[in-house]
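Each chain carries a letter (A, B and C) given by its place in the written order, and its residues are counted from 1.
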Amino acid sequence: MSTTRRDFMVGMSAGALILLTGAPRALANSMTIKGVRYGMIHDETACIGCTACMDACREVNQVPAGVARLQILRSGPVGEYPAQEYRFFRKSCQHCDNVPCVHVCPTGASHIRAEDGIVDINPDLCVGCRYCLAACPYQVRFINPVTRVADKCDFCRKTNLAVGKQPACVEACPTKALVFGNLDDPNSPIAKRLVQETTYRYKQFLGTSPKMYRVPKGEVKS
Amino acid sequence: MKKIIKWLLLASLALGAGQLALASAQAADATPAAPSATSSADQAAQPTLAERQAKAEKKKAAAKKAAARFAKCEKCHDGEEGMHGKHGQVTNPNTGEQVTCTNCHGNASADHRKQRGGMVDVMRFGNDAFPLSQQNGVCMSCHEPDDLRKALWAHDVHATRISCTSCHQLHPAKEPMVGIPEKSRIKLCVDCHRKQHEAGLGGAVKEGS
Amino acid sequence: MWHDAFHFDSLVWDGPIAIYLFLLGISAGSATLSVLLRRQGAGSESGIIKATALLAPVSVILGLLILIFHLARPWTFWKLMFHYQFDSVMSMGVMLFQVYMAVLFAWLAVVFRAEIEALRRRLLVDKFAFVDGLIGWLARFERLLAPLLLLLAVLLGAYTGFLLSALKTYPMLNNPILPALFLVSGISSGVASTILLAVTLFREDGHSRGVSFVHRFERPIVAIELFLLLCFFTGLYFGGGQREAAMWAAIGGGFWSQVFWFGVIGLGILLPQLLGLVGSPAKAHQPARLVLICSLSLVGILLLRYFILYAGQMTVM
C-alpha cells in the first residue's frame, strides 16, 4: 500500500485532531472536572471523638437507625494512665476520583458528578444488586432500609450544600477538625491546608484517588 | 498404573481422616483449659468499686457516728447543700461507714466562715482555690481509673485536666451524668470544646505541643 | 460456629449468589459439552443432548430468578436490561445472558427440530405452523450457531469469575485465576449433571457414545481444576500482606477450611475418583454408580462456589 507524503501528513493531522477531542465521559476519570472538586480534610490531631458529626449527619440527612453514613472509630488507649491517648478515625465515603463503586454499577445509578466531583447515587436507577457495596474497599456503602437503594455520604449535596451551607458534620464539629472545600481552587482553605500540612489518604495504594484527606495523629495508618 | 493411583488416593484419604481426628483431639484439649485460665485472671485483677463497697458493708457495725457528724454540718448547711444523691447512701470503702460531708470537704474548723483568705480548710470543688490534683484526688480515692474508663472512655483524657465537677454534680438527687441521653452528652462535649477552641486553648493534645 | 461462618461484617453477597454461580456453571458447562458432542455427529437421540436441552435453559433461568429476588428492589430488575454500563462486568453479563439465551434456544430448536414439529402437530394441529418454517430457516445457520453458542457458553462460564475478580475490596477474590477456575469448574459440573440426567431421566446406557464422550473430559478437567486451585492459593501466598492473610484465613483452619478440604477436595474430587477406580470394570457404568459419582462431584462444585464466595469475603484488603 503506497501513499504520497502529502496525503500521509494530511491523514496524520486529521487523525490527531479527531483523537484529541475525546468523549466527555472520559473526564470522569481525569483530575479536573469543570474547576470544582469537593474534598474534605479530617484533622485527627484536632478530633476529640465527641461524635457530634455523626449525630448531625444522621439528623440532617435523616439516616435511619441501624445504618450510618458517617462513623468515628475510636482506637486506644495507648500509653499508661494518666498520659493516655486515643485516636479517632473517620469512616465515610472517600469520594474517590477513580471510583470502584461507579465502575461496577450495572445501571449507572452510582456516578461521579461532573460539576462538583461528588460521588452520588441516582435512586431511580438503583436496583439494589449490592455490587457497589462489595466493590467499595472502604466499606462505607449500605442499603438504606427505608428506600431500599444504595446509600452513603454525599457531602450533604441534597441537604446542606443545596442551601449553600457546609456539610452537617463540618458545621457540627466544635474543634473545626473538618475542613471542606474545592480542592481545585488554590485559594480555598482546604487547598491551602493541603499545601502546608502533611496529610495521608486511606488505602491510597489501591489507586482510588480518594478526596478525603487526613492529618495524621501519630503513625500514618495507610 | 491404576493400582498405584488407587493406593495413592486411599493413602491421602487416610491421611485426611487422621488429620481430622488429630484436629478434633486438639480442640478438645484446648477448650477445658480456657475457662480455668479466665477465672484465675479474674482473681488476680483489682476488685471493682462495687466489690470494695460490699466488703466495707461488713465493717458498718459502728455506723452511728456518721449520723452525728452529719448533724453538725446540717445545722447551717441544710436544704440543697445536703447530700440528696447516691453518695449519701453508699458506704465509703476507706472508712467502712456512710459517706459524710467531711469525707470530701475535709475537717472544717468551727469558725471556718471567718477564716482569712476565705474558708481555706474547706475543700471546694470546681474553682481554682485548690489544685486540680487535690480536688480530683478526693473523688479518685474511691473511683479508680479502670472503673472510670469502663463507664466512659473520656474519663481517661479529662481526669488530670479538669475537675470532676465540671460535668458531675453530687448533691442533687439525680446526678445529671447518670443515664444522660446521647444527644445531651454530645452537647456537653461540644459546648465546652467549642469555647475552648475559640479561645485558642486547643482541645486534643497535638503532637509535639 | 455456623452463625459466625455465615454472618460477618465484611459479607455483602451471601448464599443465593453462590447457588446462582453454581447454576450458571451447569448451564455453561452442559451447553459447551453438547455443542462439542454434536460435532461428533450426535443429535436429539443422545441422552446427553436431551439432558442439556433441559439443564441449560432451566438452570440459567432459575439462576436469574434467584438473582432477581435477591435484589434489594426486585421489581426494578428490568432497568438492568435498559441501562448498560460498558465498564461494569455485571452489565456486560446482562447483555451476554440475553444473547446466550437467544442463541441457546435457537440451537436447541434446530437440534430438536423434528421433535418440536411432531409435538406441535400433535398438540396444536394447524396453529403456529410458522414455527416449523422459522426453525427450518434457523437450521440453515447451524454452522454459525454452534460455534457461536460454544463461544458464548465459555464466556458465560468465565463471566462469573470476572464478576467476583473485579472486587478490589477482597484480596482473595481480586485474582486473575478466578475466571479460569470458574470456567473449568463449570465444565466439570456440566459433565456431572449431563451424565446424571442422561442415565436417570433419559435412561441412557452408561456405555453410550454420548456418555463416553463426555466422561472422557472428566479426568483432564479435574486435573486442570486442581492445578488452577494450586496456582490460586500459591498466588495468594506469594502476594503477601492481606493476600497471604486471606489464604490462611480461608484454608488454614476454621469452618470454611473444613468445607474446602473435606467438601471440595475430599467429597467432590478425591472420593469420586476413588470410586471410579475401585470395583470391577463390568459394574463400572452401572446407573447407580454413575449417579453416586456425579452427585458427589456436583456437591463438591457447589461447595467450591460457597467456599470461594464466603471465604473470599472474610478478608478485606
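Worth pointing out:
Convention: contacts are C-beta pairs under 8 Å (C-beta built on N, C-alpha and C of every residue); 3 or more make two chains touch, one makes a residue touch a chain.
Quick caveat, the model's predicted, so the values are computed rather than measured.
Chains that count as touching both subunit B and subunit C, per the definition above, are A. When the C-beta pairs in contact are tallied for A-C and for A-B, the bigger tally goes to A-C.
Comparing chain C-alpha centroids with the centroid of the full set of protein C-alpha atoms picks out A as the closest.
Comparing mean CA positions across the assembly, the chain most remote from subunit B is C.
Centre to centre, using the average C-alpha position, subunit B and subunit C are separated by 60 Å. Between the CA-based centres of subunit A and subunit B the separation comes to 40 Å, rounded to the whole angstrom.
Subunit B contributes residues 145, 149, 153-154, 156-157, 159-160, 182-183, 186, 189-191, 193-194, 197, 203-207 to its touches with subunit A in the complex.
Of all residues in subunit C, those touching subunit B in their complex are 261-262, 266, 270-271, 273-274, 277-278. Across the complex, subunit B meets subunit C through its residues 2, 5-6, 9-10, 12-13, 16, 20. Of all residues in subunit A, only 100, 103-108, 125-131, 133-137, 139, 143, 148-150, 203, 206, 208 touch subunit C in the complex they form.
Listed in rising order, the residues of subunit C touching subunit A in the complex are 9-10, 12-13, 71-73, 76-77, 79-80, 83-85, 87-91, 94, 166-170, 313, 316-317.
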